[in-house]
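The structures come next, written out as structure tokens.
Next, two complexes with chain A in common: one pairs it with chain B, the other with chain C.
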Partner chain A sequence: MDHLTRRQFGRLSLAAAIAGAGQVAGVFPALAQSANPIRIGFAMALSGGLAGNGRATLLAYQIWAQEVNARGGILGRPVQLVFYDDQTQPGLVPGIYTKLLDVDKVDIVTSPYATAMIAPAMPVVMQRNVTFLTIFGAGVNEAFKYDRHFNVNVVGDNMKETYATGYFEVAAMLPAPPRSIAIAAVDNEFAQKAAESARYHAKKRGIRIVYDRSYPPSTVDFTPIIRAMQSGRPDLVFIASYPPDSSGLVRAANELRFTPAIFGGGLVGPQLASFQSQFGPLLNNLVTWDVYSPEPTMDFPGVATFLQKYRELAPREQTDLLGNYIPPYAYAQMQTLEQTLTRIGKIDQAAMAADMHAQEFDTIVGKFRFSALGEWAEPRNLFVQFQGITDNELERYKRPGAKVILAPASLKSGSLRTPYGAAG
Partner chain B sequence: MDPDLVLLLNGIVSGLLLGGLYAAAATGLAVSFGMLDIVNIAHPALMVMGAFSVVLIGTALGLDPLLVAVLQAPLFYLLGILIYGVYHHFFEKRGEEALQGLAFFFGVMFIIEVGLVMAFGPEQRFLDPPYAFITWRIGEIDLPLRMLAPALLALAALGALHLYLKRSFTGLAVAAVAQDAEALRLMAVNPVRIKRLAFGLSVALASIAGGALVVVQPVDPSSGQIFIGRVFAICIMGGMASLPGCLTAALLFGVVENVTATFYGPSWSPAVAFGWLLLVLAFRPQGLFGRMA
Partner chain C sequence: MSAAGERGVEAAVGLGAPRAAPKLLAPSPHHALFWLGAVLLGAALVVGLRLIGNEYGYFAGYFILQYIVLSSAWNILGGYAGYVNFGAAGFMAAGAYTAIALRKAFGLDLLPGIVAAGFVTGLLGLGTGYLTLRLRGVFFSIATLCLAVVLQTLIVNWDYVGGSRGAYIVRPREVPPFVSYGEYMFVVMLMLAILAVGISRTVELSRLGRGLQAIRDNERAAEAVGVPTLRLKLIATTLCGVLMGVAGAPLPYYSGYLNPEAAFSLAYAVNAIAMPLIGGAGSWLGPVIGAVLLGGLQQAATVTISSALNLWIVGWMLVIFVALFPRGIIGWFRRRA
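Showing the complex of A and B:
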């Protein structure tokens, strides 16, 4: 049975890969004739639970590749993306990277999305001493300490101390100092680290933790969690969740008329167009972690142009319609690669790593440097608040004002409204 | 009222409503797995396919998702007949239904999931009827219509199926084929035809469960995965071919999950719920309402 099942899986994976390759050929018809391209290989979640962000990431890469090729490529060579669907199964990732490096013999590898998929690729990449530029990992290199790992993500090195800083800066804006907090996190690495950061800051500020639980990703009904939180009457609620559960938690909070002074935390989901379209006004006053908002304080050169291009292609590619979450960072990841290669003038893994350690990168998500562990040297966790949402239209999220930035102070674009559940 | 008592009562009520969704998801499987002995591991994927179809049709025509789910059920019945035809021809007829049949349904599940990603993309899809944002409050008890309406539809579908199986000739034949297909043949009834019909019914029920699922939560192509363990556990706990057993087990599962989540944390919910399954099987191996062979 195992043999047959694997074979079926293999055939379908092949079909998916061919379909994926077909997409690339469709976007870059000239590539088939190009000699000696720079081949960039990666696994990406094109099906399974992480596929929403995986496909958005791929589209950003494709836009970048098209632009680079239109400019004549890098080092005079066109770029070619070689990718396989990891089906959001970490177990498939080592095999894909082995194939990319040993069989396909790609020149450069970048990572899948995200932490849970990056970690299983690390040993394969490290054995071959390859520079590994990753996207939206969270503390993956804390364990490996690989000096050729570089991660494009705002969380930075010390997630425990830095991730929730902005959330508690926002809490400090409340008219009365908050005295209690409820914390809930889904059982995965990113969310658990986010919750750990919330605990760290709550204790540091003397805020009493009245509820602190994890929940499995298979949870269907979230009303017991919200009701148990509600019974503790917390001033603050910090939730670290992924899209399916974020949806259930926001819905349950509204059904139970839960109105703490601040409701939010590290929810992944409200950043996405499908979530915003579904919940509309229910999002008002939600304070949550984010990476980008089209506020004047984040109007970095090139980001608006990229998003316009992305949004034109997104409906056809059936991916997130707005692209306000991962796509600008995925594009910036490829800009990082391009800037390194252009500077060193050759494909040399050691030279690439040395350059990434030494240089500053100027991208559509701003300027950044990498730390010794390859994370952003200066973390930039945004905490935003949904405000003034009156309907389910998505147009408002293309303009400033719908998702104002409350923290960090350097990017602040609005003032806190409270409590959650009040009209935005 | 005592706050702990309020929590307990709400935990029970929300658990019963959640159990309604589980019953919707498990009823079709009680027919295919419980009565026909077909390990249709693709049942939750078919449910999600039904949910996507509900979103598509409901959005286009502006209809209520539960109504669409019922209206599209005949199409899924035909799909079920088609799937059973393939399964019977390539596996059951050759006596290879045990392991290779399981692999077949595993493949069906995977094809449905990848097909949905290809057709609709991996994003979450939703279709919220207006009542999904209404919560009735009876004293201290909350009754969100988002959970209540699907639970009532599940009960109605289960009741209709129960009546059909008990009162109609073909329904009785379905029950008979579950017990002894050869005896049915001696009664001049083609067991393959009856099984085809019953499998079609089970897939039609998956479509109705898909409508219930859309009202409860947004769906993505992989949403069915979290239901696989639960629906099989419910069928086994209820007693395989027993519909009342399926309903009781589903409600019990929901209540145990939610009360545990309320008082001991949601991490314990699956462990305690599946612990109940083990307990039931230890003392009643045939399930709550099953009969000893």
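Showing the complex of A and C:
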């Protein structure tokens, strides 16, 4: 028995070693390609709670790397991605970034996805004065005030005053001015900041708050929340939620036939293909925060080509099938890096930071500049409305018309339909 | 009663017997030699890592050392006394948030934070000890799991320490005379690990440990032969609480940001149980072996295989150990000997 066990262990170790070696080769495909690549290191959630968006982000990076290498690289050097799975565990992030910087000696580091994973990497990169280009963080640099931190996200610096602006611009489109609002938010950083912004704007515009509650992420039954909102008869409903609870809230609202003039807010979930295919027509007239919609007003150069490429690869990579949420921004993050390096002509952390502070970037998600804190200087929170959804097909989300942009005015592509719950 | 149980109760009888009796039952503990060896090993680690001069060694070392503290703490209650604590993450987070609260309120640094965390979680452990008056076996385990849920709910709703948004701790870049903050964190956790293993060993080799073993084997029989079961359990739960709390206190300094999801991560609760089980629960060395093996494997898998496959490997390792070595590595070696 004992001998058998040891043998089994030997075989298992061998199998693990072979499997591991295979994986490593897969992870570092560019290792043998060139003598002196520009190595870009990052941790990414490839397993755990944030893996859905993490894998989509990685795919966007890989598409970018492949394209850049096909063009001959940056500064005459190919790029190589060096990445590790952070398993959506913030505790692993400091170790990974130390390894990237001290052992792997990567030239550049970019961030994991998202706030909770970016923050633990900050002390490590700050200690080494490295320029840190992050993706979809929410106010991470408010605490650290690191002058080499840059975040690719539409929310900008002052989330309280800017996040819900678009939502209230949409509310102003109603035939009769709204008089009351109900607010519900899940207990997490992003949602609480979003709800704070809704409160700020409601008070500023004299809209009465008839319901304002937070709920824990573990909530599974949303009927009481919707019923409580219903009893207040609000004109507007602003929900700030994450995918599991977004799903529960939309379902509960439909089951209870809740029909406020505007239902939506800062729901994270309806941007994803899995959510759209699951809910289909239930999404009609939902007004929610978003970052991208394939409307003519957002047809920035290169975005359609990128999405086509992404959608070809997505099924094989088992990521979000449409890529309308984070992937264009992840690609834009790498374009930002490329433009900076091309401009300064060398890999120099101080020069990179100076360039990012000073210059405008032209990417597949449009043009933007960074503020002093490294957020987008001009926030661009979209508020979109699902319209004309008749089934659970995803094809419609590749074309204009399914997710109409209502705010900001500069990107508006349709008009508001109301109330929620009416056939699209 | 099993043979082991009889031995345990026999040993426990020594609690009421003359002081010479336990010496007949256990080998000389060589406490001074252990402490000297542990300190020398610790010093060798620090010097070795400094010579290597790689910051990553400190972070990987910290990761493993925190699990040595956590699993040694779990072992005092779970391994010696047989009370399985599923709330390790709760205790650890309570320690972490004590450090955060003190930092916010008084600007206190890491070391006072660790002391305060130990005090707070010690009290929490004492309270858990009183639970054992009514709850045993699986019911005690469920209660500890619930304790973690209650604590998480409290923290999520306590805005002062960041609530659901999490709290940032902007740590200094350097702490003289250490070469970096990473080395400082490593040395602090190394000292905590030496302390935790030392306490765990002292408990095991003392009358307290034998009493706890008697409780594990048959609590009623132990009580009947004069083992002060409640008192011993209270000491064990308090010690367990203190050590888990001090393991958690440096966490916000390590990561710079802590939110309830990260602090109450299931990984801590699972590893705190899995590591002693793999190494050999009921022995002070078991959790150390388990933490080095499993923690090292997790860290290595994170930076080599780095995909969902590493979870798969760790999962299989647990299954294999539970199926083939139910008494852990220590138990396997003892059986062969």
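One rule holds in what follows: the second predicted complex is superposed on the first by the 392 of 424 C-alpha atoms of A that agree within 3 Å, B and C clash if a C-alpha of one lies under 4 Å from a C-alpha of the other, contacts with A are read in each partner's own complex, and residues count from 1 in each chain.
Basically, a contact is a pair of C-beta atoms (placed from the backbone, for glycine too) under 8 Å apart; a residue touches a chain by one contact, two chains touch by 3 or more.
Worth saying up front: this structure is predicted, and the values here are computed from it rather than measured.
Chemist: Identify whether chain B and chain C fit side by side or clash on chain A in the overlaid structures.
Modeler: On the shared chain A, the partners clash.
Chemist: I'd like to know which partner A:S415 touches here: chain B for first, chain C for second, both or neither.
Modeler: A:S415 sits against neither chain B nor chain C.
Chemist: Now for A:P90: first (chain B), second (chain C), both, or neither, which partner does it touch?
Modeler: Only chain C; A:P90 stays clear of chain B.
Chemist: For A:D320 in the superposed arrangement: first (chain B), second (chain C), both or neither?
Modeler: Once the two structures are laid over each other on A, A:D320 reaches chain B alone.
Chemist: After lining up the shared chain so the two structures overlap, which partner does A:L46 touch, if you call chain B first and chain C second: first, second, both or neither?
Modeler: both
Chemist: Touching A:D187, do we find chain B (first), chain C (second), both, or neither?
Modeler: both
Chemist: Once chain A of both complexes is superposed, is A:N36 in touch with chain B (first), chain C (second), both, or neither?
Modeler: A:N36 contacts neither chain B nor chain C.
Chemist: Examine A:P120 and indicate which partner it touches, taking first as chain B and second as chain C; both and neither are also allowed.
Modeler: second
Chemist: Please indicate which partner A:P216 is in contact with in the superposed arrangement: first for chain B, second for chain C, both, or neither.
Modeler: The answer is both, since A:P216 touches chain B and chain C.
Chemist: With the two complexes superposed on chain A, say which partner A:D102 touches: chain B (first), chain C (second), both, or neither.
Modeler: A:D102 contacts chain C only, not chain B.
Chemist: With chain C in view, single out which of the stretches 23-31, 59-67 or 95-103 of chain B clashes with it after superposition.
Modeler: With the two structures superposed, the offending stretch of chain B is 95-103.
Chemist: Of the residues on chain A, which ones does chain B touch that chain C also touches?
Modeler: Dual-contact residues (chain A): 5, 12, 16, 19, 46-47, 51, 187, 214, 216-217.
Chemist: For the complex, which residues does chain B have touching chain A?
Modeler: Within the complex, chain B contacts chain A at residues 3, 7, 10-11, 14-15, 17-18, 21, 99-100, 102-103, 106-107, 110-111, 113-114, 117-118, 120-126, 128, 133, 135, 142, 144, 146-147, 216-218, 220-223, 226, 229, 254, 257-259, 261-263, 265-267, 269-270.
Chemist: In their shared complex, at which residues does chain C touch chain A?
Modeler: Per the touch definition, chain C meets chain A at residues 54-56, 58-60, 62-63, 153, 156-157, 163-166, 168, 170-171, 173, 180-182, 251, 254-259, 261-262, 265, 267, 299, 302-311, 313, 316, 320, 324, 336.
Chemist: State the interface residues of chain A toward chain B in the complex, per the touch definition above.
Modeler: Residues 1, 4-5, 8-9, 12, 15-16, 19, 45-49, 51-52, 54-55, 88, 187, 213-221, 223-225, 227-228, 231, 243-244, 247-248, 251, 254-257, 272-275, 278, 282, 317-320 of chain A touch chain B in their complex.
Chemist: Report the residues of chain A in contact with chain C in the complex, numbered from low to high.
Modeler: Against chain C, chain A makes touches at 2, 5, 12, 16, 19-20, 23-24, 27, 46-47, 51, 83-87, 89-96, 98-99, 101-103, 116, 119-120, 122-123, 126-127, 140, 143-144, 186-189, 192-193, 214, 216-217.
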